[in-house]
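In the two complexes that follow, chain A is the common piece, with chain B as its partner first and chain C second.
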Partner chain A sequence: MARYIGIRLLAMIPLLFAIAVISFAIAVAMEARGSIAGSVCGEGATIECIAQVERQLGLDDPMPIRFVRWLASAATGDLGTSLTNQSVSVSSLIADRIGATLSIVAYSLVIGVAVGMAMGIVSAVRPGGVADRALSVASAALIAAPGFVLAMLLSWWLAVEWGWLSPAGYTRPSESITGWIRSITLPAIGLALPTVALVQRQLRSSMTNALQSRYVLAARARGIRRTSLIGEHALPNAMIPTVTAIGFRAAAALGLTFTVEVVFNINGMGTLLTNAIQTRNVTVLQGSMLVVGIVVLVVNLLVDISYGLLNPKVRLER
Partner chain B sequence: MTRSRWTRAIALLFAFGMAATACGGDETGFAPAIVEDTSTAEAAPVDADEQRDADDTESATAEEEDNESADLGQVVVAEAANCAADLPPLAPGTFAPSGDFSYAISIALNSLNPHDDQTPATFAYYSWIYEGLVRQETDGTVVPWLARCWETSDDGSEVTFYLHEGITFHDGTPFNADAVVANAEFVKTAGPPQVIPPVAGQLGIVDTVEAIDEHTVKFNLAGPGEILLLSGLIRNSGLMVSPASLGNAAAAPVGTGPYAWASSNPDFTQNDLVAYADYWQPGLVGLETVRLEAAIDPVARLDSFNAGQYDAAVVRLNDLDLLLAGDFSSNFTVRIGFVVADWTGQQIPQLANREVRCAMAQALNRQGITAQLNEPDSVTNQFATGPPDYAYIEDLNVPEFDIDAAKARFAATGEEGFTFTNGHLPGGFWPTVSSAWSTALAELGITMQNEALDPPTGGEMFGRLARGAHPVQIIPFNEPNALMSLVARTGEAGFNPSGVSPDGVVELVAAARSKNFADGEADVAAAWKIMLEECIFIVNHTLTTVMAYQDNVQGIHHTQGIPIHFWPHGVTKS
Partner chain C sequence: MSDASTAVAVSAPQPVQAARARSGFWMRLFRNPLTVAAAVWVTLLLLAWLWPGLLAPHDPYAGDVTLTRTFEGPSWDHWLGTDGQGRDLYSRVVFGARFAVNSILIAMVVAIGLGVPLGLFSGWRGGRADRVVMWVNDVLFSLPIVLLAMAVIIILEPSLPSAMLGVGIAMATRFVRLTRAVTLAEKEELYVDAARITGLSPPAILRRYITPNLLPSLIVQVAIISGAVILIGATLSFLGIGAKLDDPDWGVMLARARFDFRLEGIWQIVPAGGALVLTVLAFNLLGDGIRDSLGRDAASSSLTVPRKVALPPVVQLHASGAVLSIRDLAVGFPAPGGMVNRVLSDVSLEVFPGETLGVVGESGSGKSMTMLAALGLTPAPGYLSQGSVSFDGREVTFLPEQEWQEIRGRDIGMIFQEPVAALNPALRVGRQLMQSLLVHTDMSKSQARARAAELLAEVQVPDPERRLDQYPHEFSGGMAQRVGIAMALACEPKLLIADEPTTALDVTVQGQTLDLMAEVQQRHGMAVILITHDLGVIADAADRVLVMYAGQVVETASVSTLFSRPRHPYTRALLDTMPQSHRGHGDLPVIGGVVPSAAAWPDGCRFAPRCEFATDQCRTSVPLLEAVGTDLVRCVRHAEFEFGPHAETSA
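== the complex of A and B ==
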């Protein structure tokens, strides 16, 4: 297993480099559309100011030198300073916001996977039954309707009318654990609903096949209890394709948090990225993309590791 | 594949299609939703970029002349400013703050450095921490604040401020004449990014500032210009930063205000303040802690207010019916419309003809556009919406929308159809308004090409206006002296470079360039009239900022003119 993980880690290196190149290239593309130094100098920027800032930021250096310099700094954790406020480091901006995003994404995955698995198992146990049909319709509806819209509707009752949850904003766990949970529950539900549907459908399909497989039939013939049959024999195998889907969903959820962060007034990575784009804050954009890319890689690594844990053949083959 | 499987596959594709459509539609719905907030409830648009454009649009207060004030153009100076009068003694009161206060504002800051921002709505952040020599009262008058009073020389070119004694900045530095000199010089010379040019321009009329003694400071002006100086000093340029923090106010925001900065998150979306125990009027410090929070989405902000998460929040005018708790006040009103920047016809000769411009104004369907934007409460068919001090505007003979009359009017000029470019911000209501007008103008034979500005900053918008890059440009516009200031600071190379006006607006330009706003047809009220009568500024609609507050909050008095939502002094929570 250690060798398997090591190979996976080594495979991340070229991917990381590719993410760095893409992040840098996007910044260069933004430069081509307007002066970054002009943005730094602000409204009514003078030519002198622009020249000075270009020197300060090294924007007048050749592109390869700039890339190597940026990459070397990034490797040490120095992602530069925000162009809109040079007293603030990009690292601190990301550190301030990534907690909210990861909290919501993780919580949404917990909700989505737990509810989706429960629904998928119920559907698969009696395929074509009333429960299966009802749950299939429900999951189709969840896929079709944006989750955050439903969450906003829920917000009216759960937050405004009954006051159980926070309608908007983010409370850090360091301030209040209950406040933190109250503040991320609605956005997490918004993000989780499509996951519920995805997991339900995927697990229903793979679980139905697993329950009809010969090894399950053999286990049933040996008189193994139904719960054990489902939980210990069918589910691990059925989970392999589901884990793949969850991995994709986790990566996608990172991108979709933007929508949820906007409607729930949460300052996370999504809004940081979009604000950076709007204000041409290239350093923040580069740093944020790099960090989000790394998070996605880590998620993929965890998915790969879980394959190994679920299926011994995977780790033995590699 | 069996028929059943095909059916399932098609159903799956359909479901994905629906999801994709729903998601796509929602995303496109977001930008308007965000900006809709600005268009109905904000003095300026919601994101920082869009808001900056509103900033240049106002600087002084409009207020009707009354017996207690000396009316100088549109800026009304309180009698209390007169050093010769018997000044009332200061009643400092007792320091007894109580309660935690949270305030949701619709925009975020770059920092708490007051000099790198000029956005009207963000003044609501700075006013808790910083104060100026003067400030604009809730009735619109300009009153002395950190200054006891001021005197203006007979020729109007020197203004001397007499400062209160015993005031200290939050870091313990004494507030005195040297601090005022340091601030004024810093604003004039530091440059971006510490001081953005529009803020420096607010003190454009100031030549030098000198400390006469520890508590007396004199502003030497380039010419007569008390009103222009006051117009600048009530804005960001007048906010006093501790000399120790000048150049570093983004990291260490230190002022003299009733609340001292405690902490912010790195992007200043959440800012915590604490009561300043050594405030010079301790009785006006009513709260123990204050949290100023950027809550961008209007629906979430309203929900949070209704749920009691905030003590006060900016809300949309159209959302007032959805307020479940508390009370509200409305204040700052801003007019959105088109400035015909090329009224002298330097780029488009036809624009020099007043009848052409007024025909264009007559083709602007304000009600139709407003209905299209689904903002019935913000409609102003002509200029009827707004504070009463603008009542004179309604007497002006400005044509109402009538496309047939507009076509006839344009035809009567004998001018040929022409093509020009209008600049606007890329999101929110701006494209809608521009697009609707260009469709109507096409019926007159005028082709208006709409250019969405990139980068989408209000500053760039005004920059292009100043450079004459667009013959016509849509802007938020509240008070004419903002445009006057713009003209004044861009000088010969900027706005309307010829200085020649064919339609009786010579005096407007001359007044702006001489920076003299003190009398006659050159004063700002007259300038506003000129711009409307000459169809130089064509109003489309009016926006109003509304601030909601919970029942247990007292002492909220919003201001007129300056787009601060309310002064924090004296606000308490029971």
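== the complex of A and C ==
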């Protein structure tokens, strides 16, 4: 297993490099379309502003040198300064926002995986049964509904039915743990609902297959109880493909939190990125892209590790 | 389980069949009301895209200048109410279809235009080109689509087309994967290989072989990805980096609803959100519908309990003293058109303590199905349609699953054909062995572990303590089968059913396995049912033999009678195929043809089409006839035959 994780870690290096290239290429592509400085400084651009932006981006130097310089400082955690506010570093902007985004994504995954697994198991035990059909219809509807619409409906319903206006904004866990949980619960539920559907579908299919397998038949022929057949025999095998699906969903959820953050007035990566796009603030976008890319890589690594844990063939590899 | 379906002839699809399959496809597609509803909705969407003015009564951009009719609920004037500027929400939703369909078009042109050629290239070329393309593809695939779209948006400008360009690039990764997979699979096919050798150019091969195989999955993916594209488009518009703030785009309308997040303004969620959700749902359902119509029906789980059928109240005569007695067992499988394929009919057998009953027959003769059905393990959607099973003097035909669980594993042990497949790959062998003991006895965990080690030692697995903590993939086939035997014997059952226990094993291991079983049988005095297609094994191990063909018993006899005087032509044919009986020169004789699948069984004698002695008499159905004593044979002409003694017994 240590070797397995080691290989996965090594494999991350070229991926990291690829993400760095993509992030850096954004600025190059923008430059190719016209002056970044011009669009950042706006209509009445002063010479000082343009000079300042060009210095920040180091546009005087050839591209490979700029890339190496950008990569080298990124490696030390320095992602440059915001083009619209030179006193603020991109890293501090991201550090300020990413906590909210990650908490919502992680929380939504916990809810989504737990509920989705329960639903998937119920479906697979009796495929075509009443419960399965009801759950499959629910899943189809949830997959079609974007998380932010569900989140809006949810807070509307709570406001009308309970007169409870959802807490807007984000409370940091350092300020108050309960406040933190309160502030991210509704956004997480909104984001979790499509995850529930996805997990239900994948687990239903892989679990149905597992329950039809030879080893489950053999276990039944040994008189093994139904609960053990489902929980101990079928589930671990059915989870192997499901974990992969959860990994993809985690990456997608990272992109989709942005909307849920907007619904609940949470200052996360979503507002940071949309503002950066509207003001053509390329250093912020580059930095965010790199950081989100790294988060995705870490998620993939976690998926690979849980995949290995579930699969003894991989786990015992030496 | 696979016995009943192995003998299906596979042939290349002919044009006529293809045409029939196609009309069958449309019928299947529109049989599902959900798919029909989805198709209707997509048609409406396309109408709204082409001629929105036809469906929308108002100008989607023109508000109420007096600003008195804002945030209205549904009314006769405004079917879905108005927004904060008094604009008609219904008309805005209809015009929103323009943005939705345009989004799909842009994204799909980009995604398919990039993805399919790249996938074809990657799959066809293979080697380094393939690795490079797939590596880049995987990097892009793993990044959130929204983020990739954002990168394109900042490079170009915030607008729906540039957003869709980004989404298209992200979605291209899906098409690369799909196209490459199909190309790789097709490239390996023999007919493609042949075409290549005969000098057909790659574009021609592409057109003739790969495109037809790619198209179905491509259409399914286009439908499902269309839904995803609309979702992401709405997400970007909602964030203010897609469609313009004034546009009647569904995402923008939702952003307005968010902006007017007072109770009166929140109503706007319903029209825009509803249109969005229904459209995505329609595309998903259409995709699912197409996929289901192309493929087979949804699988059902093996945990589904066999359907109960009302059996005629016939008094079944079970042999007294038999451990297991099966009378007139029949198993049906639902077939297309409300028909039933009876894969087993009128199967009867009994086995007594200490005795070994051999069951022989080719693949597809129903040997395994008989045993599974007798144990209440009929694989779904099959069901027991007739018959009675008694175990140890107790009627068990429709025993509830809970009571069966008490018997299976404790009183009946079963050994499977593929020893490794019968073990759960994710559980330690020791855990699986202990499970039987923990379920059926009141041993503690540590006692069960000690007993499990003992059992492994009994079946001559070296180093049992260490082996207990290993996983099935660390066992060779022979060792895994020893584990299988140990598991079946864990609770010292009265009956052991061994389903082709040696077929998957090396010849050297086969003998050891049989010896082991015989030794255990002598020690415990249990009854054994030994299923095999290998008559050599029968000659070695069985006392009595039951020959099965096409879901029926065709002959029963003691092992010496069977080898010295086979009565059924099928039995004789089986004996002739034994290498031991073949003394002459030339090829080993084979039985021509295969066991036909259940749907194709003839009305009369089922072996007649392959039988060299068949006459007109054989066209009517044949009962089991008494030959001599308790020996039975299902052949109207058996008295005429005098098949000679066989090598096995004369040697």
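Keep in mind that, in the parts below, the second predicted complex is superposed on the first by the 284 of 318 C-alpha atoms of A that agree within 3 Å, B and C clash if a C-alpha of one lies under 4 Å from a C-alpha of the other, contacts with A are read in each partner's own complex, and residues count from 1 in each chain.
Operating definition for what follows: a contact is a pair of C-beta atoms (placed from the backbone, for glycine too) under 8 Å apart; a residue touches a chain by one contact, two chains touch by 3 or more.
All values reported here derive from a predicted model rather than from experimental measurement.
Undergrad: Is A:Gly231 touching the first partner chain B, the second partner chain C, both, or neither of them?
TA: Touch partners of A:Gly231: none, neither chain B nor chain C.
Undergrad: Which partner, chain B or chain C, touches the larger number of chain A residues?
TA: Tallying touched residues of chain A, the top partner is C.
Undergrad: If you stack the two complexes on chain A, which partner ends up touching A:Asp96: first (chain B), second (chain C), both, or neither?
TA: first
Undergrad: Name the contact category of A:Gly6: first (chain B only), second (chain C only), both, or neither.
TA: So A:Gly6 meets neither chain B nor chain C here.
Undergrad: Of the partners chain B and chain C, which touch A:Gln212 in the superposed model: first, second, both, neither?
TA: second
Undergrad: What is the contact status of A:Met152 with respect to chain B (first) and chain C (second): first, second, both, or neither?
TA: both
Undergrad: Looking at the overlay, what does A:Gly255 touch: chain B (first), chain C (second), both, or neither?
TA: A:Gly255: touches chain C, not chain B.
Undergrad: Could you tell me if A:Gly58 is touching chain B, chain C, both of them or neither one (first, second, both, neither)?
TA: Neither: A:Gly58 stays clear of chain B and chain C.
Undergrad: For A:Val263 in the superposed arrangement: first (chain B), second (chain C), both or neither?
TA: both
Undergrad: Please work out whether A:Asn85 is in contact with chain B alone, chain C alone, both, or neither, and reply first, second, both or neither.
TA: A:Asn85 sits against chain B, while chain C stays out of touch.
Undergrad: Could you pull out which residues of chain A sit against chain B in one structure and against chain C in the other?
TA: 33, 140, 143-146, 148-149, 152, 156, 159-160, 259, 262-263, 278, 280
Undergrad: Residues of chain B touching chain A in their complex?
TA: Against chain A, chain B makes touches at 11, 15-16, 18-19, 22-23, 26-27, 30, 34, 47-49, 52, 108, 110-111, 116, 118, 191-193, 196-198, 201, 248, 250-251, 265-270, 293-297, 299-301, 303-304, 306-309, 324, 454-457, 459-460, 462-463.
Undergrad: In their complex, what parts of chain A are in touch with chain B?
TA: 33-34, 39-46, 49, 82, 84-89, 92-93, 95-97, 140, 143-146, 148-149, 152, 155-156, 159-160, 163, 166-169, 194, 259, 262-265, 267, 271-272, 275, 278-280
Undergrad: So in the complex, which bits of chain A are touching chain C?
TA: 14-15, 18-19, 22, 26, 29-30, 33, 124-128, 140-141, 143-146, 148-149, 152-153, 156, 159-160, 208-209, 211-226, 228-230, 232-233, 236-237, 248, 251-252, 254-256, 258-259, 262-263, 270, 273-274, 276-278, 280, 282, 285, 289, 292-293, 296-297, 300, 310-313, 316
Undergrad: Which part of chain C faces chain A closely enough to touch in the complex?
TA: 1, 135-136, 139, 142-147, 150-151, 153-156, 158, 227, 231, 234-235, 238-241, 254, 257-258, 261, 263, 266, 269, 273, 276-278, 280-281, 284-285, 288, 298-304, 372, 375, 377, 379, 401, 404-410, 412-414, 416, 418, 421-427, 432, 435-436, 439-440, 471, 473-474, 484, 487-488, 490
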